[in-house]
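Listed next: structures, encoded as C-alpha cells.
In what comes next, chain A is part of two complexes: it sits with chain B in the first one and with chain C in the second one.
Presenting the complex of A and B:
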C-alpha cells in the first residue's frame, strides 16, 4: 500500500487536533476567504495571516517540511499562468530595469498577489487536514450543511482511493516491466487499455461492494456514532482567530482612513 | 492542474460557484432517482477510479507529458449530470486532502471540468453523434472529437476566467492554456476512445449513450476483466 500522501499527521495529539472539526473548518475557511479578499498592497496583513498560520503550525506539532512539500503543488500553475505577467507591458504604473530586462510594477503586484494567496490557501488547507482525521472532517462538513449524499460518496471515494491506486500501481509496474517506454503520443492507447481495465474493475468492485453492503443491512444511510458537543474552547479559538483575521483584512483600508495615504 | 486560491476575483468565483452548485445539486437529485441507494458505492468507486486514472501520464511531445482528465469519459459512461457530480467529488477530495486546487476556486474548477467538460460537451457530443452514421465507428469518432473538445474548451474557459478576474490578459492566457491542451487533448481523445471501445466490448450495458439498435456484430471479449 502506498498511501504516503494522505492525512499523515492527523492523529498527532495537540491542542489543535483536539478542537471540534466544525470550529476548525469555519476558522480555516474564513482565514482563506479573508486572505483572498485582502487588497494586494496590504503587505502587513499578509504577514499577519502567515504569522497566525505559523503559530498554529508550531502548536499542532505538524512538521514544517510536510506543509512545504504540499505548497509545491501550487507552483506549476503559478509558473504557467502568472510568472510571465511582470514582463508584459502595462498601461498604468511604473517599471523597473533589471539587467536590461524591464519589469512592470503592476505585473509584479499581480504576481505577488496570486503567489501569496495561492500558497496561503494550500498551507492553510494542509494544516487543516493534518490536524483533523478524515472522518471527523467529513462529519463536521455534514453538520455544517454540505449535502449528506455528497459527503458519503466522497467518504467512499476516499476509502477506495487506496485500493484503486494500488491496483493502478500494480498495472503500471506490470506494463513498465514489459518495456513500455512512453515516447510518442499514439502510445497513449496503451494507457487507454489500462484505464479501461481499471474502470471495469472499479465499477464491478462498486457493484460487489453494494451487494455486500445490502447483505449487511444497508438502507441508503451511513450512520455515525460520533457525537461531539461544541465546547467553550472551540468557540474562543474560532472567534479569536477570525476577529484577528478580520482586523488584518481591514487593516489596509483602516490605515488609509486614519493616516491618509 | 487546478486553479489555486487567489487567481480569480470575487465576481468570477461567485458566478462559477453558483452554476456549479446548481449542476451538482441537480446531479444529486438525478443520482437519487436513477441509482437509489446504489449511488454511494457506485459513484464513490467511480470517483476513486477517475482519481487513480489521472495518475497515469502519457507522453505529449519533447519530453513533456500530460495526464488523463476523464471528465468526458465520465459523461459517456454515467450521463452528464452524474458525471458532473462525480467530477465534483473528485475535485473536492483533491482540494481537501491534497490541497490541489483552491477552496474558493473549487466552484470554478467544478465549472470548467464538470459543467463545461462534462455537461456542455455531452450535449455537443449528442449533436455530433446524430450527424454521423449510426455505427460503432461513427459513435467512437464522436467520442474522440468530443473528448478532445472537452479538454480544449475547459482550458479556454479557465483562461477566460483568469482574464475576467484581471489576472492575466486573454491574448496571453488563451494561447498559453489552449496551446498546451490542444496537444494534451489528442492524448485524452485516444485514451477515451480506447476505453469506450473496450467497455462496449465487455460491458455494453455500461455505455448509456450507445444505442445498439441497427448495429450488429458487437463482439464480446471475455477475459479482459480479470483480477479480484
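Presenting the complex of A and C:
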C-alpha cells in the first residue's frame, strides 16, 4: 500500500538538504526558541522570522502547499487552548465592544502571539523534516547527545508505523467485507477486538524483530557507520541564521532603548 | 573443520512457555555443503526447529552447530556463521535504510569501516540490489525486501544459510530470482518450503517434519515419490 511519508520531499536536492543534520537541528530549534521568547509587541520581528523561513523554503524547493497543509493541522489545537483568551482578562489596556461582547486588547495580543509563535514552530519543524531524511535526522540527534534509547524508539516507530497502518487497513477491509457498519453501540466490541489483535500482532512482531536482531549479533546497542563531518558551510549557515534571529529577538528592546518609545 | 558436521542434533525437545510442545525429539545430521529442504504442514514445528540452529531458542537436547556446542561462549560465533533469514522481511529489515540493514551484522561483528562497506557491496551485488543502499525498506517492493533480507545475512559471510520460506508470497519471476540466487551460493543451506518444485530444484535431500518430529529424511526424489507418506502429512 502507498503511504504518505512525513519526509516526502527530503530527497529533493537543494543547498538546505545538503547541510549537515546537526547544523539544521540546532538552527531550527534556536529559531523556534528565539521566536517564542520575542516580546509580544515586536510585530516586525515576527515578520522577520517568517521571512527567514520563507527564504529557506524557496531555497529548499519544498512546495509551500506541503508546509501549509501541515501547519493547518495545528490550528484547531491552538484555538482549543487560546480562543477564549480575548474574552476574559483584566482591564489592563483597552477593550473593544462587539455587539455587547467585550474583547480585551491584551487578550487579543496574547491570542495573536500564541498563534504566530505556534504556527512558526510547526512550520519550522515541518521544513526541517522535509529537508532532512529521517535517518539523517536521527543520526544528527544522536550525535547531539539525545539518549540512544529515544533514538531507537523513534527509529523503530518510523520504520514500523507503516507496517501497522497496513495491517489495520487489511483488517478493516476484511471486517467491512463482512458487512460491518460500525453504527451501533454493540458493534463497538468488534473495534475493541481489532485493537487487541493489533496490539498482540505488534507485540509478536516485536519478538520476531528482536530474534532477527539477535541473529545478526545485536548486543544491546544499534551501531551505525555513517560519518558526516561538519563543514564550513554548515557553520556559516547556522551562525548566520541564528545571529539574524538574535537581532530580531532583541530588535524591539533595542529600538525602545534608542528611540525611547 | 570439515570433519565436523554442519548440524548435529540429538533428541531435541522444546516446549513453548505456555506449555505447548513444539519439538518432540528431533534427531538430525547435516553435512557441510548440503542443501536440505525442510518440508511439513503448518504447525509441524519447522520454524521452531530452525530457531534452534543459531541459538535463538534453546531446547532440551544436544545441539552442535558447525562443530560447536551451543552455549554462552559460542553463541556469538554461531550467530555470525549461521545466517537466519526470517519469513517476513519486515521482521528482518528494521533499519532506516538498506545499507544499514545489510551492514547491521558486520557492524556488530566489529569490523573496520572498509571491510563493512566491501561486505555490504558484495552482499547487495549477489542479490542484485546494488544502488538501493539509501532506500528505506518501506519503499521497496516485497520481492526486493526478500532479496535485501537475504543480503542482510550474506554480508556476515555465513557458512550456513537457514531460510524460512524464502519464496512465499512472491510472484513467479520473484521466486525464480530467489531460487537462482540461492543456487549460486556455495554454502550449507536449510530451506523451509511448501513448494515441492522449488525444493527439487534446490535440494538433493529432504526432511519431512510433522507434530514436532522428523517423519522422513531421504533423497528428495525418494521423498517425493512416496505419495502416501506425503498425503499423510498434508504435503500432497
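Just so it is clear, the second predicted complex is superposed on the first by the 234 of 261 C-alpha atoms of A that agree within 3 Å, B and C clash if a C-alpha of one lies under 4 Å from a C-alpha of the other, contacts with A are read in each partner's own complex, and residues count from 1 in each chain.
The criterion applied here is as follows: a residue touches a chain if its C-beta (ideal position, glycine included) is under 8 Å from a C-beta of that chain, and two chains touch if they have at least 3 such contacts.
Keep in mind it's a predicted model, so treat the numbers as computed, not measured.
Looking at the shared chain after the overlay, A:243 reaches neither chain B nor chain C. Once the two complexes are overlaid on the shared chain, A:163 sits against chain B and chain C alike. In the superposed model, B is the one of chain B and chain C that contacts more residues of chain A.
When the shared chain is aligned, chain C comes close enough to touch A:135, but chain B does not. Of the two partner chains, chain C is the only one touched by A:215; chain B is not.
Legend: residue contacts after superposition of the two complexes on their common chain; A:205 is shown touching both chain B and chain C.
In the superposed pair of complexes, A:231 makes contact with neither chain B nor chain C. When both complexes are overlaid on chain A, the residue A:155 reaches chain B and chain C alike.
On chain A, the patch touched by chain B and the patch touched by chain C overlap at residues 134, 155-156, 158-160, 163, 205, 209, 213, 218-219, 222. Within the complex, the chain C residues that touch chain A are 51, 54, 56, 76, 79-80, 82-84, 86, 88, 90-92, 94-97, 99-100, 103-105, 107-109, 113, 116-117, 134, 136-138, 152-153, 156.
For chain A in complex with chain B, the touching residues are 5-7, 29, 32-33, 35-37, 70-71, 73-74, 76-78, 80-82, 84-85, 88, 110, 113-118, 120-122, 125-126, 129, 134, 137, 147, 149-150, 152-161, 163-165, 167-168, 172, 182-189, 191-207, 209-210, 213, 218-220, 222. Put simply, chain B touches chain A in their complex at residues 1-7, 10, 24-25, 28, 31-32, 36-49, 51-53, 55-61, 65, 68, 70, 73, 77, 85-86, 88-90, 92-93, 95-100, 102-104, 162, 166-169, 172-173, 176-177, 180, 183, 186-187, 190-195, 197-199, 202-203, 206, 224-227. Per the touch definition, chain A reaches chain C in the complex via residues 3, 133-135, 138, 155-156, 158-160, 162-163, 205, 208-209, 211-219, 222-226.
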